[in-house]
Every structure is written in C-alpha cells, then in structure tokens.
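There's a structure below that I have some questions on.
Order of writing sets the chain letters: A, B, C, D and E. Residues in each chain are counted from 1.
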Amino acid sequence: MLSSYAQGLIILVCINVIAVTGVSLLTGFTGLFSFGNAGFMALGAYVSAIASVELHAPFLVSLVAGVLVAAIIGFGLGRLTLGLRGDYFLIATLGFGQVVQVLIEFFDKVTGGARGFANIPPKTTLWIAVVLAVGSVAVAANLIHSKFGRNFTAVREQEVAAEAVGIDTFRFKQMAFVLSAMFAGFAGGLFAHYYMYIVPKMFDINESALFTITVVVGGLASLSGSVISCVVLTLLPELFRSLASYRMLFYGMAVVAIILIRPSGLMGYHELSFGWIRERMRAKRGKTASKERKT
Amino acid sequence: MNSILSIKGLGKKFGGVCAVDEFSLELEQGTIHGLIGPNGAGKTTIFNLMTGIYHPTAGTMALRGTNLVGLGSYRIAQLGIGRTFQNIRLFTQLSVIDNVVMASGVDATYGMVDAIFKTRRYQRDEAKIRKRARELLDLLGLGGVSDERAGALPYGSQRKLEIARALAARPVLLLLDEPAAGMNEEESMELVGFIRDVRKRFDLTVLLIEHHMSVVMEICDRITVLDFGKTICNGIPKEVQANRSVIDAYLGETTDREN
Amino acid sequence: KKSATVEPIKIGFIGDLTGDTAIWGQAGSKAGQMTTDEINAAGGILGRQIQFIPMDGRGQAVDSVNAFNSLVDQGVLCVIGTNFSSCNKAIAPIACQKKIPLLGTTCTNDAVTVDQATGLVYPYSFRIGYTDEFQAQVLGKYAATELKAKTFASFLDMTQDFAQTETTWFNKAFVANGGKMVGTVSGRSGDNDFRTQLTKLAAMKPDVILLPWFYKDVALIANQAKELGMKIPFMGPDSWDSPELMGLAGPALEGSYYCSQPAFARPETKPFHDAYVAKWGTEPEAESLAVHDGLYWVKDACERAGKVDPVALRDALESTVNFQGLMGPITVDIKTHNPSKEASLFHITGSERVFVGDFKP
Amino acid sequence: MFLQQVVNGLSVGSVYALIASGYSLIYSLLGFSNWAHGDIAMVGAYIALIAQTSGHVPFWLAVVLAIAGAGCVSMLSDMVAYRRIRNNHSPKMFLMIAAMGLSITLQNLIMVTVGPRFRTYGDVIPVRSIRLGGISLGVLDLLTMGIIVVALVALGLLIGRTKFGLGVRAASSNMVTASVLGVDVNLYIRLVFLLAGVFAGMAGVLLGLKYNIYPTMGSIALKAFIACVVGGLGSVPGAILGGVTIGVMEALVGGFISSGLRDAFTFALLIAILLVRPSGLLGKNIVDKA
Amino acid sequence: MDVLRVENLHASYGGIKALRGISLEVGDHEFVAVLGPNGAGKSTLLKCISGLHHPSDGTISFDGNRLSGVPHKVVESGIALVPEGRQILPGLTVLENLRVGAFTRKDRLGVKQDLNMVFELFPILGQRQTQLGGLLSGGEQQMLAVARGLMSRPKLMLLDEPSLGLAPIIVNQVFDILQKINHSGTAILIVEQNVYKALSMAERAYILSTGTIEKSGACSDLRHDDQLVHAYLGK
C-alpha cells in the first residue's frame, strides 16, 4: 500500500496532468498562450463543490456541471478575445483569471470568499484520479492524431496557409480554447473533491503560469512531453522540500536549466513511443560512429 | 463557354497606391490562364483578393456563381480555390507529408467522437488521406523526402510541396504564384509537364503568375498582362508576346532566351 | 545511556519558508530549532530526544497539505503550524483522518478548529493562539469605550479570511457599545498603492479605521495615508505584529492601536527573546513564541499522557488546563479547542509599541 | 475627490509606466515578454539598500550603484540564458518561460541571501507631499514623472535617430538578416538589456522609496506588462501611455465604482480597449502580406 | 591574387551532408558563377562564407585572412550577401532597409550618393521609400535586396539567385548593374538558375551537384559543353 503522502502526490500529479493536457492542446498544439486556465480550474472547482455541498449532486454530476460551466464561459471568452494576437490574447486570459478570483472573493455569500469553501466530500480517490487522468490523456492523444489535432497544429504553424487550405482557424482556436477550459474545469472538480477545501488563492495567476511553464518545458507539440514535464515539475518542489528555503531557488534554476539544456523542451515535437526511442538510439549510435570516422 | 470564375471591376487601394484597378477576368473551365506583368503590377494582390486575404475596395468576384467578396479565406478555400504563395508559406516545422495531410480536411468526414474513439470511419478516412498524400508527393517527385522537415528542403522543392499541399484540398481552381521561381530551365519544363498533367487528372482550372517566359508561353491558353494595376493586354501567348506595350513595360527589347 | 539508541521523537513544523511572508515561517522554524535544542539539552521528552522537522508550505493550502502528508509519512508525533488559517482549514480534516494532532500557531480563524458545517470541533486540530472573533471584539470594544470613537470604517484585505471575520466582530462589539460603521473599502494584498481607497476613506471621516492586513501592507497603507495628510488612527489585529512594523512605518502609525498575542509584554519572554537575538541576530516574531510554546505544550501533554503516541497526545492536549507558555496560559475549551487567553493591546507612540494592557472582550 | 483620485491614478500609473518602458524596450527587440524585468528592478532596489546600509555610502551613490548593478544583472541574464536560447533557435515562447524561471530564481536568491524582511531606505527623501488646493501631490511622484519624460525623449531619440537605434530595429525585425548586413546582433541585444536594466534599476529604487523593498516587489511588473499591452507592445510611448491609463482607470474604478471589484472592472475595460484596438493604443497593426 | 579562397569545405545539417569538400576561388575583380540543380548545396556554400552556417571542416579565407565565421565581421571585412529568399527586414521602411545595408560604412556622404544611385537604378524603390519592406511585392523586395547589397560597397558580393521573381526586363537590368559594379572593381560570386544568363555574364563558373564540384572552368568553354549542360543544368 502506498503511503498517504505518495498517494496525495499521485493524485495531485493526476489532477495537474488533466489541466496540463488542456493547456497542451491550447499552447503546445494550437500555439495560443493562456494565463487564465487556473481561472477555469477555479470555475470547475467551485461549481462542482457547490453542486456537491449545496445541491447534494452526485460526484459525477457535479464534475460534469463544473466542466460545462467552464466550457460555456470559455466559449464566451474565446468568442470575444480569440481575435487578439499573441501576447494580447495572453493578457486577456490573464485578466480573466484575475477576474474569476476577484469575483469569487467578492461574492462570498455563495463562495465563502477568502474564507474558502469547506466540507467538500472527499470523492477523488487514487484510482479515480489515475483512471480519469489516463482517460483524459487518451482522449487528447486521439484528438491530436486526427484532423482536429492537425488543424490545431496548422493554426500554430501558419495561420495564413491554414486558411488557404480551408481550415477555419478561428473555429479551431475556439475549439482548442474550450477544450482547454473543459480539461481545466474537470481538473478543478477533482481538485475540490480531493482537498475538500478550496480558496480563490489556490487558483491564482501563478497556477496558470505553472501550467504554461509545464507545457513549454515539456516541449511544444508533444502531449507526452507535457505529461512528463507535469510529473517532473509537480514533484520537483517536493523533492526540494527538505531544502527548506532554498527550495524555490532550485526550482527556478531547474526550469531555466531544462530550457537551456533541451532547446525544444523535454520532448519538443516528438511523442514518447517505441519508434521514437529506437530512432534516438540509432541517431546516437550514428553520431558516435561518425565521430569515430573523423578521428 | 463554361465560365468558372468571373471577376468584374476589381479594385484595391493601399493608402494612395492603387494596386489593382478595374480588373476583370472570365476564366473558362479547364484552361490555364497566365497573369503576368512588371514587378509591383498587382498580380499577387489579385490572388490575395481572390482568396480573401485582402478585401477589395471595388468590384465583384464569383466562383461558379458563388460570390466571393467578403468571405473568409478558409471559406473560399473550401469553395474550391487553392493557391500557392510567392513567399513560401509551408508548415516548416512539420514533415513534408504532414504538410500535405494537413490540407486534406475535405477528405476527413468524421466527427470528434469518431476521433476520440478511433472508429472505423476515422480509420478509413485517415488511411485514405495518407494514401492520397503519398500519391500527391510521388506525383511531384517528393516521395523520397516525405519524412523530411519541410523547412529543410531546398527552395525549389519547397515550391513543389506548396503545390502538392494546395492540391490536397481538392481545389477546382488553382492559383499558382510564381511556381517556377528558383527552378532552372529543366526543372521549369518538368513543372510545365506536371501542371498540364494535374490539370487533366483533377479537372482543374489554373491561374498562373510567372516571370519565366518560357513557362508562360509554353503552357498558357490565354494571358492577361497587368501594369500598375491596369490590364494592358489580354490574349493568346503569341499576341501578347508581340504586343508593343507588353514589350516596353515587361519583356524588354532583348529577350535573350537563347534556347 | 539507553535513550541514545532510541529513535528520536519527530515533530513536524509547517510554515512559509519561502514567499512573501516567509519572515514568519522562518522565524517559527528558527525558534523551533532553538527550542528543540533546549528541550533536548534538558533531557528531551520522557527521556527521548526530539527531532524538529521544518517543511515549507509557502503559506499555501495545497503545499501545506502535501507537507503535512509528507510529515505523516515520516512518522511524526504531531505537527506544529501553520500560521495561516487558510492552510490549517485545508489540513484539519486530513489531520483527523490520519489521527495526527495539528497545533496551529497564529492562525486565528474559527474554522481552523471547528467544522463550520456541523459546528463540531475537529478532534485533532488545536491552536496555540487566540481567534479572530476574540481579538476583533477586544478592539471594537476598546475603540468605542476607551477611545470614545463614534464611527469606524473598515479597510479590508479581500484575499485574507481573517479580514472579513474581524470586520464583522469588530462591528458587533463597536455597535454594542454605541458606535456606528460608516463604510468599508477593500483591496488585495499584493497591491502596492492604496491611495484610491484611502482617499475614499478620508471622505467618510470615520473616527477610527480598522485595518486587518499583514504588517507589510499596513506599513504601505499607513505611509500613504500620511502622505495624503490623513490623521485618523488605525486599529489592527495580530497580523500587524512584527518588530519590523515600527521601522517600516512607525511615524505614520502614530496614535494607532493593535492587538496581539500577549507575549511580548510578559517578563517571562525576555530570556527567550535575548537567546533568540543572540543566536539568530534578528528579533523574534509572535510566530517564534507560538512555536516555542507549541513544543513545550507537546512536551507537557506527553508527560501527562505518560507515553509518546499521537492519540494519547491528542487526549492530553484536549485536557490541558493552565499550561504556562510564553504567550500566556493555555486552557483548552473542549468544544472549540480554543485556548482561553487574553489579548494584549499596543499603542503606537513615538514610533514605539507601548503596551496598554491585557484584555478580554 | 475626483481630482485627487486622478492624481492618485497618475502617481501609480507613472510607476507602471517606468517599468513598462524598460519592458517594452526588450519586447520591441526580441518580441518576448521579459517576466524577470520586475525582478531586475527588485535587485536594483536591494543593491541600493545594501550599499546604503552595509556599505554606508551616501544615498546618491547607492542609487548610481543600483542602476549600474541592475543594468549588469539584466545584461548577464541575457548572456547566461536568453542568448543561448536564441542561438538554439528555440521558439520565442521559450524566452518567456526562461524569464519566468529567472524571475523565480532571482526572488528566491534574494530571499535566501538577504532574507524575506520588508525594508526601507529610511528617511533619505522624506515622504512629503505638496498641497495644491486640497489635492496632495507626492514629491516622489513628481520626480517619477520627470524621469519618465526624460526617459521617453531620450529613448525616442536613441531608437529613432541614431545608428544604434537603426541596428536595434534591424535586429528586432530579423536577427539573422541584420547580422548578414553587418549588425553585431548579440552586442546590440546586450546593450538593450543593459539599457532596460538601467531603467529597471531606476524603477526599483523609486519603488523602494515609494513603497517597501522586499523580494517579491517585482511582481508589480505584471501591471507594467498589462500596461505595455494596452499601450501597444513594443512601443515605448505606448507603454507609458498604457501605464498611465491603467493607473488612472484603477483609481477611478476603485474610487467611484467599487474597490472590491476594482480589478474585475479594470480588466473588463482593458479587454474593451483591446477589442476596439487589437494592437493596443499606440501599437501598429502589422498586416501579414501573403 | 584571389580575394576569396575556399578549401575543402564540408557542411551538414544534422545528419544531412550538404557540402562534401568544396574548393573554389574568386579572383580580384572576377565575376564567378556557381550553378547546379535544386538542392546541390549552392545556398549552403554562400551561407558558410557569410557566416550563417558553420562548416564542419575546411577553410575560407578572404584577402588572405581566414574568415571568422561571424556574420557581422564578415560584412565588415568587405563581403555582402544578397540572400536567398530576399530576407527583407519587414518592419523597416525601404529607406531604412537600405541604410542598414550601409551599416558598416562610415562615409556619410558616400552613403548618400549611393542611395541616390540605387534609387536611380530602381526607380520603384525611390517611390516606395517610406513603405514597409514587408509590404512590397515580391519583385520589389528582390530589387531591394540587391540594392541593399550594393549599399555596403563590398569588395566581394555574394548573390543567391538575384533574378528570382524579377520581371524579364528587370532581370536584364540587374545583370547590367552587376556587370557595371564588377567592372568598377567588385568581385562577384553569383548563384543562378538562369544558367545561360549566368554563363554569358560570368568569367568562370563552378558546377555543383550533391555537394561536390563536378566541373569548373571558363564560361565560354562551359557554354559549349553540351554534355555537361545536359547532365547538370538541364537542356
């Protein structure tokens, strides 16, 4: 039996993997930066928590409610802001994340405000978390290997060319954004039902930034990279926890170091697969062979 | 006469510059039409207007009776106008074959649920798309480099890849913007053969911008010559080549095509 | 001696060792190490040495829960910390699940020890300091009766749970004593400029302003108020409490009052204070005293229980009567796990904190 | 009260603007948001503090050291991190993420070396304000505004009129091409980082004087970044206009609508601005010529 | 004496070998062409000379000194590149693009004269001085690229397919200009697809194929070597 600490970490990793999967679709594949996905996570968390506690909805229903609300808000926000480019869009999402936080704090009658929302039933168990995380990644992976994933990629690489071959770039940006909001909302629901207590601060801009950092460090256009990076970056501060005050220092340095050492992120443009590993090994062998020839 | 494209009185101004002025064109189904003229005459701008990248300041355009003015780029592409870009616009980070597959949206009829569960329909469509992509690459002689990164191809091959990609979207009208740029004579002539070939095979109509006169004269059924946004000549290659104002503005006195 | 071969007793500590308010977490950690050495030198607990394990919780709930789980895995007897209510609210139910006593230091919200939905106490959650409700009432009553204030306004930090609670209870006590609230404005910690809200407050012309913010923000707010030419005294809770505050905004806070754990006024604190300064070169914080008291409280409870065991410790903690800590005596209320304490009131004059007295509402 | 609120807004806005201008400088060159810019300002503030308290140098000298120091740290950050990422030809977003990592690193470096305490410079420039018909104007605010005007003019001349500026703009348009035209791109980038660092250093000291000095004080740069976006990314005058706009907007919303919902309202307004002007107030909307 | 001397140059992209031991030289005042099919490595050769790509082996020397391989230093030593695909600075105006072309020059007056010169050569550029480079038509950009190369008054000019996308009438004009500046002392190394044009302009030519030099010699000879022309350059 795993220790509760290990279980807790695995659950946290799973929850983060779900949220990061959404961001990976959005940032890694579609090339849009969002600093507001923690806001969607907050929506999912609060909606599902309120559904569970106030309306006594079953776990599954409350999760779905959270996902739906995130999707609807994501759709509306996307409609409004997806015409903006690059960092302009980024700021709009960042603002959204902030607004969600402020609104939760402000409407404290419903949400508990800064006092937080407590007594959420603990429903997210280890197995549920693992199964749902694997399921989410599988869904995302299958999407990526279909025309949807291709169209996301086309938007990221070359919008003009994408349009020229008949891809409605706005629609696919919208789709990626709503998907990422749904994944975030889903993660939020699981989060609420694991920690049993939520406060707006848990979903601040740092959390959003962390998702984005995770995806970029994992490498663009690589779902497996995002997942690996999510595991690494969630566990890294835990590894450093015993270093007490040096912990975040090492964490920051580790992020910079990874980017310097691996110029396209951990897995940039590649998926972890047997084929890829075989190819890498062959390439390595080839490289050493050619070196030998030279000397 | 079976007109596929009809443009009337098209105009585009950039600030004070009138890049396209009163441009009209009727394209007959199945023809190859040349669009030539000095640099800056407005040829690419016409392509950009036709494909919705720019919006005209005057005029009408219709593809088989469907109005094109005001439509989004992707919509026009879906209606059947495919194009290549003068400044190459490939998905440079992706492999050559993925560039083609990327454009095969029309062949993917499945929905999101099919994709998530990898249904038979999904598998059938995907297999078809891959197969066709490979065929198109073979057709252009890019079969051997299908797994290379598109950005790593030499310039000439990138141009060919652009054509393959445009074809993948199953256009009825293909706009080629200087496809032979960066190709030598032999490669250009190969290209000529190839354009003829695909026109027949896919029942295409082609509108071609090109400065390689050997290509233009060889392949075009008719030619329109632009200068400063205005049409100065319109006719079959022989007529155009002999036209005084075309020589003055575009060809120059010594067309030393020695071969 | 035999005790050398026995495993030491592990006692965990969770605090914000990094982040904005790391000053408190680090002060707690330092005091913990010092006190541990002291207890060990004096023979440990029931003859066993203790091992103090500090963990960073960044002042954030999720991190703190992870830290708690990790400490539980390491086999700790109990956990001291954290200083933030938001973190302890998240840990409390887990502590009950795991049956490991949790001794909150200066987290002051009621929900830390009492499940607000059921009104029942969390059996494994304790606190060393007093509550928001308590200190806000002390302040409210004092403002109305002693300062003869007729009106007050509150400027609260929207991001902190204590701000809201304290405003509510301050208001109750103030109104009960004949005063009136004229308005509230709010801001968020992390902001730097508060002139907008201050301008608004000045226009309300209250006699006092309740300012439930962390000391760093208090410093900013007070300085900006002074810059705007405001002369209304502020009143604040224990979140003001840091020796730093006087250096940051002493003159600007002239005439203000705040409430804190009774510690620094008590002569018993002096030796600890001096030893701390000698060892670390900085002034201790209330958090330092709370951790110190926490460790001795655990020692006391274990010795009363006669064994080293989390469940036995819990029972012993709950039945504590008049344990003498540096922050005053602790007697635990079984229904709320709140210690019966007094609050000390300080008046700021001449850039000094002047002890006014100990109060109960 | 209205006028006072406007003045309050200008006062905050000028701080945003000062940080934003350095931010914008780097954006205009490298096209990425340097999230560590605020932390460079923080380092500057600490350099002055340490020079003043441990080095016992006069305050003006401490300020000079801070400005020089921040410039060097900024330049070093390029040499250690960004430059390599550029040479690796990683996508631009890697620069931004590296900057975030750097930001965490710098904050915590100061945290573990100097400590997390909140500090002040003491009474070097007493918190003073001038009263003008019922409105109080901060002396520091006037100073900040002065610096901004000077900075704006100086930068405008430097970028628009000099060969240095031409090189910088060439590099920002396309680095590889600029280099084959004879622009020493790495040198120019380093100089721009130095310049941005100098601005950050000034901003840091001013922030320290105006507010407190603490390891996470650089997070005010988030607002500066928003200011840049509102003003139009990469445009220094835009950054300054954006900073002032946000400052005043915050003050007016906080003062007359709701201080609790202030951030929500300001962001709503920002989005409204972006919907009307998708490239910010002074940004150029670069059309993509196919 | 040779201005440019390339010896045993090897270059690759990852695993792909683009150049396998190229040696060539360009004499003082010489006009040399490099010809060859698609993907032969012509652009790679020019990139190596101008420091944009680092060769894996071999030496490149200019005026007797080894080139540093740092692009801006290469330019300072007197080499200008008109790169493949124009590479206009899109965010700068036409005039600014030209000024950047003269970036390493110190003689303000000369720069001013040269500006007038290129505006005379390409009147359209003169009319579009304040337009952003990125908004020019393809051919206008190509003219700008050539003009920009001229602005640095190089000792050696490297041109990668300068006729690409130019109207026939302009192609002739550009070649006339190149010949003119060559006569006034600038050495030229040109990569061209317009084989006959190149062979009629240049003094000598190298034929490149899959990264090696297949043939070299005086253009007058090569032009009549039917077999060669057939094999490497198309009929």
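Note that a contact is a pair of C-beta atoms (placed from the backbone, for glycine too) under 8 Å apart; a residue touches a chain by one contact, two chains touch by 3 or more.
All values derive from a computational prediction rather than experimental measurement.
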Compute the centre of every chain as the mean of its C-alpha atoms, then state which one is farthest from the centre of subunit D.
B
Is the C-beta contact count larger for A-D or for C-D?
A-D
Per the C-alpha means, the centres of subunit C and subunit D lie apart by a whole-Å value of 36
What is the distance, in whole Å, between the centres of subunit A and subunit B, each centre taken as the mean of its C-alpha atoms?
40
Inter-centroid spacing, subunit E versus subunit A (mean Cα positions, whole Å)
48
How big is the gap, in whole Å, between where the Cα atoms of subunit D centre and where those of subunit E centre?
42
Subunit A: positions in contact with at least two other chains:
102, 105-106, 160, 164, 245, 247-248
Enumerate the residues of subunit C that touch no fewer than two other chains.
18-19, 22, 26, 158, 188
What are the residue numbers in subunit D that touch two or more other chains?
108, 111, 260, 262-263, 289-290
Residue set of subunit A touching subunit D in the complex reads 27, 33, 80-81, 83-88, 90-92, 94-96, 98-99, 102-103, 105-106, 159-160, 164, 205, 209, 212-213, 216-217, 220, 245-249, 251-256, 259-260, 263-265
Complex interface listing, subunit D residues touching subunit E:
163, 166-167, 169-170, 172-174, 176-185, 286-287, 289
Provide the residue numbers of subunit E that touch subunit B in the complex, in ascending order.
13, 16, 37-39, 43, 84-86, 124, 135-140, 142-143, 161, 164-172, 193-197, 200, 233-235
Residue numbers of subunit D touching subunit C in their complex, please.
1, 4-5, 8-9, 11-12, 15, 108, 111, 115-120, 127-129, 131, 136, 138, 207, 210-212, 214-217, 219-220, 250-251, 254-255, 259-260, 262-263
Subunit A contact footprint on subunit B (complex, rising order):
51-53, 72-75, 77-78, 82-83, 85, 89-94, 98, 101-106, 108, 110, 112, 114-118, 122, 126, 165-166, 168-169
